[in-house]
Amino acid sequence: MSKKSKNGANHRARQRKRFDHTIHPHTRPGTVIVPEGALAPLLHVTAYGPDQIVEKRNATIAQIRELRNKYPVMWIDAVGLGDAALIEEMGELLGLHRLSLEDMATVPQRSKVEDYPHHLFAVTQIPTYNGDLCLEQVSMFAGKGFVLSWREHAGNCFDIVRKRLQVTNGTTRSSGVDYLLYALVDAVIDSYFPVLEQLGEVFDELDDRVEADSEPACIAQMRDLRHDVRQLRRIVWPLRDAIDDLVRSPPEQITQETLIHFRDCHDHAVQIMDTLENYRDAGSDLRDYYATSISNRMNETIKVLTIISTIFMPLSFIAGVYGMNFDAHESGWDMPELRWKYGYPFAMGLMAVVALGQLWFFRRRGWIGKGKQRGKSVDEG
Amino acid sequence: MSKKSKNGANHRARQRKRFDHTIHPHTRPGTVIVPEGALAPLLHVTAYGPDQIVEKRNATIAQIRELRNKYPVMWIDAVGLGDAALIEEMGELLGLHRLSLEDMATVPQRSKVEDYPHHLFAVTQIPTYNGDLCLEQVSMFAGKGFVLSWREHAGNCFDIVRKRLQVTNGTTRSSGVDYLLYALVDAVIDSYFPVLEQLGEVFDELDDRVEADSEPACIAQMRDLRHDVRQLRRIVWPLRDAIDDLVRSPPEQITQETLIHFRDCHDHAVQIMDTLENYRDAGSDLRDYYATSISNRMNETIKVLTIISTIFMPLSFIAGVYGMNFDAHESGWDMPELRWKYGYPFAMGLMAVVALGQLWFFRRRGWIGKGKQRGKSVDEG
Amino acid sequence: MSKKSKNGANHRARQRKRFDHTIHPHTRPGTVIVPEGALAPLLHVTAYGPDQIVEKRNATIAQIRELRNKYPVMWIDAVGLGDAALIEEMGELLGLHRLSLEDMATVPQRSKVEDYPHHLFAVTQIPTYNGDLCLEQVSMFAGKGFVLSWREHAGNCFDIVRKRLQVTNGTTRSSGVDYLLYALVDAVIDSYFPVLEQLGEVFDELDDRVEADSEPACIAQMRDLRHDVRQLRRIVWPLRDAIDDLVRSPPEQITQETLIHFRDCHDHAVQIMDTLENYRDAGSDLRDYYATSISNRMNETIKVLTIISTIFMPLSFIAGVYGMNFDAHESGWDMPELRWKYGYPFAMGLMAVVALGQLWFFRRRGWIGKGKQRGKSVDEG
Amino acid sequence: MSKKSKNGANHRARQRKRFDHTIHPHTRPGTVIVPEGALAPLLHVTAYGPDQIVEKRNATIAQIRELRNKYPVMWIDAVGLGDAALIEEMGELLGLHRLSLEDMATVPQRSKVEDYPHHLFAVTQIPTYNGDLCLEQVSMFAGKGFVLSWREHAGNCFDIVRKRLQVTNGTTRSSGVDYLLYALVDAVIDSYFPVLEQLGEVFDELDDRVEADSEPACIAQMRDLRHDVRQLRRIVWPLRDAIDDLVRSPPEQITQETLIHFRDCHDHAVQIMDTLENYRDAGSDLRDYYATSISNRMNETIKVLTIISTIFMPLSFIAGVYGMNFDAHESGWDMPELRWKYGYPFAMGLMAVVALGQLWFFRRRGWIGKGKQRGKSVDEG
Amino acid sequence: MSKKSKNGANHRARQRKRFDHTIHPHTRPGTVIVPEGALAPLLHVTAYGPDQIVEKRNATIAQIRELRNKYPVMWIDAVGLGDAALIEEMGELLGLHRLSLEDMATVPQRSKVEDYPHHLFAVTQIPTYNGDLCLEQVSMFAGKGFVLSWREHAGNCFDIVRKRLQVTNGTTRSSGVDYLLYALVDAVIDSYFPVLEQLGEVFDELDDRVEADSEPACIAQMRDLRHDVRQLRRIVWPLRDAIDDLVRSPPEQITQETLIHFRDCHDHAVQIMDTLENYRDAGSDLRDYYATSISNRMNETIKVLTIISTIFMPLSFIAGVYGMNFDAHESGWDMPELRWKYGYPFAMGLMAVVALGQLWFFRRRGWIGKGKQRGKSVDEG
């Protein structure tokens, strides 16, 4: 618990509730209302061309206005949704459509890529997993000479892009806005693989636990896991479709070479979907496996009950018969065994014979004694 | 019960029956037959342009005829389907197709947008939820210079649009009929989110109840919930498709900018579908969870039975043996224990050994005593 | 049983068998073989234009040949498939394709609309429901100046069309062959709604019965109902598709206005499908509900068994112990209780303590006594 | 067993194995390798035009070469795949593509219609059912002036076509290669209906058996039946698609009139699919029904156990109490009933009261005695 | 265990983990990072035309550069991914796109065929099965005058192609790069059939085991098998789609004749999918069968328990009654049977009557004695 940051806890609360949308039904279309408790925005601007690059941390709108159109590409990497006025100002400066700004500020959005008159708008979620699945919304706008990315919290997702931008005359530096957009989308998609790996480990662990012992705890964890897989599918499915649409009918500002890279992105999204399908099937299998395990164990329990009853009921009956108060002294017909010298050993022997007969019967039926043999055949098979 | 208005009760009766269509099979196509018990219509007319606006509550057909084509846009907001003659008169005045009027008066209709020669026709349902899901039909007609909306009951769904109309030179006031139609459709779609939120809360609550204790009451509520989710899906699915068709091949009277707004509507409809899919999966999960809980508990019950039988049957058998009437005084072979000084303590000790042996066996099998340990591991896990 | 007509019984026999097709594998394509026991055909001819109308009941082929092309529209409404020669003669007179005649005479056909060189051919089923689902085949041919409809039995399905034809200068009278075809298709589709309503009532009733008491009778009825719903789906699904095809790529003889009416037909077919989907889900839900009810009841039964065993086994054991024949007179160690003055009350008290302890334990576990409380919470919830 | 011919047994062996393909992985594409144990081919040639017809049984390749192009249509009906050289010779004579020859000789193929540069190639399976589903591959080639059909075994499937060919100036005789191909495909499709009828009867019979008594034997038969239905679906599904493709984009050698006949074929294939869907659902229903029956019966068994335990455990306890050895002669507190005059009748009466109380309780719970009443309501319902 | 080669063990480890992708998230697109433990590459070059052929085992990049464009076709068959530098060098030499090289080195890839500006790129998996499913990635590049295939390990998959290349003027030798690519793809697809055959055998074996005896071991094996089938489906499904795309819109370098061969490939892929669908259904059936078997057996166990309890509880009760200490000597009402001469035989007879009555009841209910009869009917049926 304590290892989760405040943000993580915030995330978790969001994910735990079935309905996690923010509703502002009585607003006009395009109204920017920031999420409760959102962080104050920090703007990190990088403007570059093949052989020059400028970086400004904690930039202001004024500084951005100044830098605009001075360099082939300006990347504004914003973190924190907590200032509606700033968002609107930025939108005005870059000519962003009000509806796209509203979507950016409304958490969570379904993954999509939308072509507005003056810019592309892409939105999806960045996942992290530390026992619970946490999701952070990321919006990307690409227009003439600028890319604006806006995340909810600071994270290391875009560090790789920033690092590559330092390489003078590298592919990213020499390419335009479209390639930077690709690089960001690629970085977001790549952030799913570690989460898939962690989920895979939880599956493997759960597999082992169900195999070893079907404790009731498993069922809740299985359900959580299945829920997480479904939630990821619900994000990646439309993301894959959106990139597929982009690749099939690309906006004109995307070059042929960048398209090949977007195709690679699509391929990664398809791989993620494949893995999630795999996990979904694994989840169903686990549930079936668990249910059959319960049935199997109930069967075993009932067998124990049946064996014990079947052995002791006849024995108790025999004991009961010899406990009847017919007086062997009164009539020759009344339980002559009671007067026999070896009556007691005879009765005990009779019981032993009955008990052993039953055991033999159960053994032949395979209800007892063969258990270990079977266990072996499993190991060998 | 008493907190539901008369209308609510009416709604509920509709929803409770599996077959909730009104059938008038022996009528010619386009016959307007109003639902039983429908309210008398009230017409609220708002005619406006960018800088002028006129409102008439409880307007008459004559007043509407007079206002027609005097302002760029006339919005007739009708409430109550209870007057077939009025509906037909209105249809004649505005040139509405008979089949669309019939659909408007026939409750419930499947969501759809239809392009008639002289007007667009859209129909869908407005949901409310207060334990039961209630649905109210809303029809919208958009032709040259007018939008006609017709609901079953007065509600606050369109208040937001009316309020925005008051803003002189606001987007709605400056735009045409197409934007007003969008604003109404948007308002209808926005009315689903609070219902989804309430359903989500019921799910969360049900989740907790199933986890805490699997009372039989849950099963009926689960079923109701699943039914409500399915009913909402059945409304939103065709609505989403209809808006998608509208966006893909828009009628000419819809401008480019309004289309972008309709795309936003579509996006909301898709989000609602996503949430409903989520709820559907949650419903299946809950059902599986409940079924497994019953199995688990049955298993526990059978374990108790088996433990008690396995412990007491042998004990009773031993007691039965020493209750046999073999007379230790008659033959040295006859239950010599009865004559031992410590015979009774020996018998009791034998029973104690058997009982403790069984307990040890069950503990080793994990059937008893480890319960609490497990509970902990769940909390910690 | 006795309330079913002979035809109904005939229908039922058809529906009861899994395979209900007639096979004539060794015939050449286009051979008309009438169903066994089919009624002798009766022809009812109505020829009309906007201001004139002629009707002939029990018309002969000769009379039809005479009337042909004398009026804008001639409607031949045939009932009874029992005369192959007549069918072939009619086909020759009107220029109908042999394969369409074969389909008409082969019961049952899958719903379809086929465009033959000289005529349209539509075939589907008219349902009735009186405990069992009965289906009657109806074929419709529309060519130049004529519409031929052919049903298996007389019914009131087309009465509404006939009645509307009496209105001089009414829409039907003033329109052509295409509108009459629409009117007939519409009448057929409208005949599904009462059946849906009846099925809905059976569902509602079954719902109540499963809720009240899960008698084994339910399961067979559920299965029948699910089967009926599936059978209806199998008829309406292709019918909806066929009308959709007709509306999307209409044959030239269908006017724009009639197309709008066919779109309304399509809409009704979609509503029927929606309701059938609803019923299908309701059927699955009922089955799940029933299965869970059985589990719940088994659980209750096992609880009773466990409670009774858990209470009486220890009591019987105690009684058994004091029934052992250790003689308290022989050794001070031998069951001193037997010699106590209050030994018997002590033993009975011990038993009472054990029994009450168990009851307290079961009550705390919620196995007994809280039942009514729960029942209440269901009513209140 | 003995009533199956050698061929039937051969078929069965094929069907019984899950993997029934022949693999020749190390051959070059187009290598003809005949199945093991295939019959030696017999060629039956029929060459005809509208007014002449020649037939040659057991024809040789030389005879076929001679007959070629002498008549409008030459139909070579081959039976038996056992001679690779002959197949290759035939392929060379008629200009058949190597890959189509390979497919013909490789059993089983998925149903398909392929358009090779110089001929059409169609392949599918002919089913027969006599308890097991047997499948025989049939390949058809249609090129300029010839149709070649090749089956695995002699059967009566094409007799109907041969008979129709005898009719001088009949449709088949007057039409070309395309109509003969249609007639053969139609004959193959018609061969599915008797099999569906037989499967339907097995379903009906199984229905009755499950209803009457849920013997374990049913489950294996159900599984076989479901497997057969799936196998048929897997054949007819692609066949239907292939004919649909043929009808939608027909090769030029197929005339308009023949196309209408192929549409009829497609219609039949769709009907077969519909029936198979029906059977698939019936199979699922049967399985569910059987599972619920087991649950129901287990419930009944447990009820018997619970009733018997609940009645006799308290009785045995009472008997046990009066069997305790507290001596009524020693202390007034020690089981005074033993000394009562009517002590024994009192004890027996107590037991009777307890037993009757339990019976009354169980009757009120509906566990006993109401069974027959229910049975009646089923019959009446 | 010991019969698996080191490579096999390596494979297995890969397959056992749910998440088997390699992640290199912090690399720029197109970076070649070879898998851990990959073998050092061996290049086997075959350059040929219709009448000349040169082979070089363990070729170097220099030798390949020399051979390039000297012969119509050069096939470089590489094995082992263990040298990133070599891969990059090869890519540069042949003009391969960086992203395709990255995909080749990243194991596993989803099956796909991609059209890069200067070459085709295909990647898929070669399966082997020896109890576990092992997968080996194979990448194929086809550009102007060359085909490059790159596998993870040496295998005999391409031996058949190499052998056919030896035939002077054979189809492969006389055809171009496109036909060689086809031959390789065909060889890969053919490698699935033996695996399907082996899986089919495991299914058949598992079928028999479940039928004979439902040991818990089966369930784990079933799950593994289902997992393997799903994994194969996930490979073959996109492979089939990729080849279908290739056939539908072929790149210009593929000739008409080669296309027909690729269509054959597609056909094989479809057959593999069909078989996998079959296996998937078989897997579901097996699981259902197993679950029903458990239910059936639990039912049998409970029957044994019920029979034994129902027989012995009344008997023990009777014995208990006659074990009560009412003294027949004290009161005439106190168990007079104890004083009867034939009291004991009477009691024993009473017990026998009760026991036989129960047995008769159980026999009539079909719980005992009819078992064998049923078993027979299964064998006969």
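For reference, chains read A, B, C, D and E in written order, and residue numbers begin at 1 within each chain.
Quick note on the criterion: contacts are C-beta pairs under 8 Å (C-beta built on N, C-alpha and C of every residue); 3 or more make two chains touch, one makes a residue touch a chain.
Molecules present, by chain and UniProt name: A, B, C, D, E = Magnesium transport protein CorA.
Because the structure is predicted, anything quoted here is derived from the model rather than measured.
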* Chains touching chain B and chain E alike, please list them. => A
* Structure fact -> Intersection of contact sets, chain A vs chain D, gives E
* To do: Give the rotation angle, in degrees and rounded to the nearest 5, that superposes the C-alpha atoms of chain B onto those of its identical copy chain C.
  => 70
* To do: For chain D and chain E, let me know how many angstrom lie between their CA-based centres, rounded off.
  => 25
* Hey, what residues on chain D touch two or more of the other chains? -> 295, 298, 302, 305, 309, 313, 316, 320, 323-325, 335
* Based on which chains are in contact, what kind of graph results: line, ring, star, complete or other? -> ring
* Using the touch rule from the top, order the ring's chains starting at chain B and going via chain C. => B, C, D, E, A
* Okay, in this complex, where on chain C does chain D touch? -> 17-19, 21, 23, 25-26, 28-29, 97, 99, 103, 109-110, 112, 114, 116-117, 213, 215-217, 219-221, 223, 226-227, 230-231, 234, 287, 290-291, 294-295, 297-298, 301-302, 304-305, 308-309, 312-313, 315-316, 319-320, 322-325, 328, 335, 338-345, 347-348
* To do: Would you mind writing out the residues of chain B in touch with chain A in their complex?
  => 160, 164, 170-172, 183, 186, 190-191, 193-194, 196-197, 199-201, 203-204, 211, 256, 260-261, 263-264, 267, 270-271, 274-275, 277-279, 281-282, 285, 288-289, 292, 295-296, 298-299, 302-303, 305-306, 309-310, 313-314, 316-317, 320-321, 323-327, 330-331, 333-335, 366, 374, 377-378, 381
